[in-house]
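Below: a set of structures, written as structure tokens.
Shared between the two complexes below is chain A, which pairs with chain B and chain C, respectively.
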Partner chain A sequence: MIQVADLNDTVTIQISGRFDFRLIKDFQQLLSKSPRTWVVDFTGVDYVDSSALGMLLLLRERVHGDAQRVLLRGLHGQPRDVLVMAKFDRMFKVE
Partner chain B sequence: MAYTQRIPSLTAHGRRAPGAAVLRVLRRIELECQTRAQAEDVADEIAALLPDPIKSRLGLVELLLNAIEHGNLEIGRELKSRLLREHRLDDEILARYEAEDYRARRVRIVVSVAYPLVEIEIRDEGSGFDWRAALARNDDSNDAPNGRGIAIVSRTCFPGLEYRDPGNVAIVRVAWPR
Partner chain C sequence: MHEHGALAAWIDSALTRVLADLTRARAILADAMTRLFATFSTLRDQLAEERRLYEITLQQVNGSGEGGEGGLVSVLREVLSRFVQDMVQISASSVKIMLEVEALRGHTDNVAQRGKQIEQIAITTRMLSLNARIEAQRIGSAGAVFRVVADEIKGLAHQSGELSKTIRDALATQSQSLAKASTAVSKLASADLDHAVASHRHLDLTIAKLAEMSASSLAILARIQAEADSAIQALQFEDMLTQLLHAITDKLQVVQTACRTGKIDELDARIQRDAVSQHSLGAGGVELF
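Entry: the complex of A and B
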């Protein structure tokens, strides 16, 4: 499930449960927004798949690859393992 | 719903019992799927039999979705990138489930057990792909929104991932610790 907060030029995307291919459509709808900063909150995420990595990269394309403008928050467990394996901790700002 | 809740044997009996007990008497299971939702059901069933159901579930879903999308539905890597960027992937997949060329195609899964070894074979009806290149690929410079599934599977889920030529059969072998 995705919840979105749009405040002070920052869009915070809060995902709970699985962040996987089933969220592609909902996630893509968010990409029409154009804030200065994006925050993806992983606190409630217990599972990611390769589609989640793809969605994060689409977000990164939206800010022209500027790692400082996409913040990944609350990474832990399986999602953290998968993102680190894919070296996403170097491509995004991780809090 | 957390994925462990979809694995009844896990939640009902705790970790150790399901795999070990059933596997001693199990020899072979055959499953079949067409859609991504069915692929998740297949992955949940098989993962419940394996030592690390969390990693296994992810690995199986990745391989099954590859078999469906790239194999049976013939959505190539570049086309998938484009569909993702144009927000059309889900619609294209739904359309191809019904399309004459693809609608009869299934992914067939065979689980063979010789405890403590479990072998899982995933076969699609596509024309295969250059799996050697895919296994060797370094994704660090991949900027596309797709194409990381095999790396995830072989690096974090199933280190012994193999394919049979022409690449439409993926094989995974898992051993239970004694």
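Entry: the complex of A and C
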């Protein structure tokens, strides 16, 4: 499940449960937005697959690779392990 | 006097035998010591070589420096990380393709919707041509030309309707193919990375265990090496023992000479002389070979 809050030029994407290929269409709709900053909240995420990481890369492309404009928040467990292994902690701002 | 002579002869004979036994004992001891020394020296050298090879192997496994650069462990970690990064890149590209395919499906459905509108126009046109033909029929010979035009319009409406239907069918097939492509690409985009993460964890655990075992093995090797050094050091006291045996032989010969000649004064100094001043292995040191 995905919830979106658009406030003060910041779009916050709050995901709960599995962050996988089933969210691609939701993400497609989000990509039409162009805020200054994106926040992806992983607090409620317990699983990610490679498509989730692919979607994050697309988000990164939207901000022209500016790591400061995409913030990953609340990483823990399997999502944290996968993202660290893929070295996403060097490509995104992690809180 | 006779008894003294017999005793002296017996002592002389006994000393000759004891001296012969001592000579044999010295030879056996010398041979045993040479072999033991060679064996322990080889053992010590082999232990040193084993330790060196072990340390090289560990260095190749763990790499050099604090970051363990160039080691097997670091290479394996990098391979796993690259594997995940490649998977993610493939997923990112697949997600992009999927989004494009979905957009194309949307366009195809829109075009199919337009086709339906064209079909509706063709139906309406056919109805109009039918009405025109009825009207042309009603006004008689004057409407003959209109009848021909109405028939042509009917034919065109029919062709238009058929063409539109063909296009609609083709678009429906295309939409189905795009749906299949989207499903296939979504499978490509969605890879489970748990196995890679588990492998990474397993690698970390193996490294920790290997480090623990290595430290323990190196400590054991060092202890065995120290024991071998200690044994070699002890064997080097063989020289002291040989000197002692020489001294015993010499003193027994002195006793034998005294028995034969009956003179002891000039021989007493040789009996009183100490061959070795040390009384134990721990009392002094001997230079290692």
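One rule holds in what follows: the second predicted complex is superposed on the first by the 95 of 95 C-alpha atoms of A that agree within 3 Å, B and C clash if a C-alpha of one lies under 4 Å from a C-alpha of the other, contacts with A are read in each partner's own complex, and residues count from 1 in each chain.
Following the convention adopted for this analysis, a contact is a pair of C-beta atoms (placed from the backbone, for glycine too) under 8 Å apart; a residue touches a chain by one contact, two chains touch by 3 or more.
It should be emphasised that the depicted structure is a prediction, and the values quoted were computed from it without experimental measurement.
*Asks:* Touch check for A:Gly17: first (chain B), second (chain C), both, or neither?
*Replies:* First partner only, chain B.
*Asks:* Taking the superposition as given, does A:Gly54 touch the first partner, chain B, the second, chain C, both, or neither?
*Replies:* both
*Asks:* Once the structures are superposed on A, label A:Lys25 by its partner contacts, choosing first (chain B), second (chain C), both or neither.
*Replies:* A:Lys25 contacts both chain B and chain C.
*Asks:* Is A:Gly44 in contact with chain B, with chain C, with both, or with neither (first, second, both, neither)?
*Replies:* neither
*Asks:* I'd like to check the shared interface: which positions of chain A are touched by both chain B and chain C across the two complexes?
*Replies:* In chain A, positions 20-21, 24-25, 28, 31, 49-51, 53-55, 57-58, 78, 81-82, 85-87 sit in both the chain B and chain C interfaces.
*Asks:* Under the definition above, what is the set of chain A residues touching chain C in their complex?
*Replies:* 20-21, 24-25, 27-28, 31, 48-51, 53-55, 57-58, 78, 81-82, 85-87
*Asks:* Chain A touches which residues of chain B in the complex?
*Replies:* 1-3, 36, 54-55, 58, 61-62, 65, 84-85, 87, 89-90, 139-140, 143-146, 148-149, 151-152, 155-156
*Asks:* Which stretch or stretches of chain A touch chain B in the complex?
*Replies:* 17-18, 20-21, 24-25, 28, 31, 46-47, 49-51, 53-55, 57-58, 61, 78, 81-82, 85-87
*Asks:* Mind pulling up the chain C residues that touch chain A in the complex?
*Replies:* Its residues touching chain A are 80-81, 84-85, 87-96, 98-99, 102, 186, 189-194, 196-197, 200-201.
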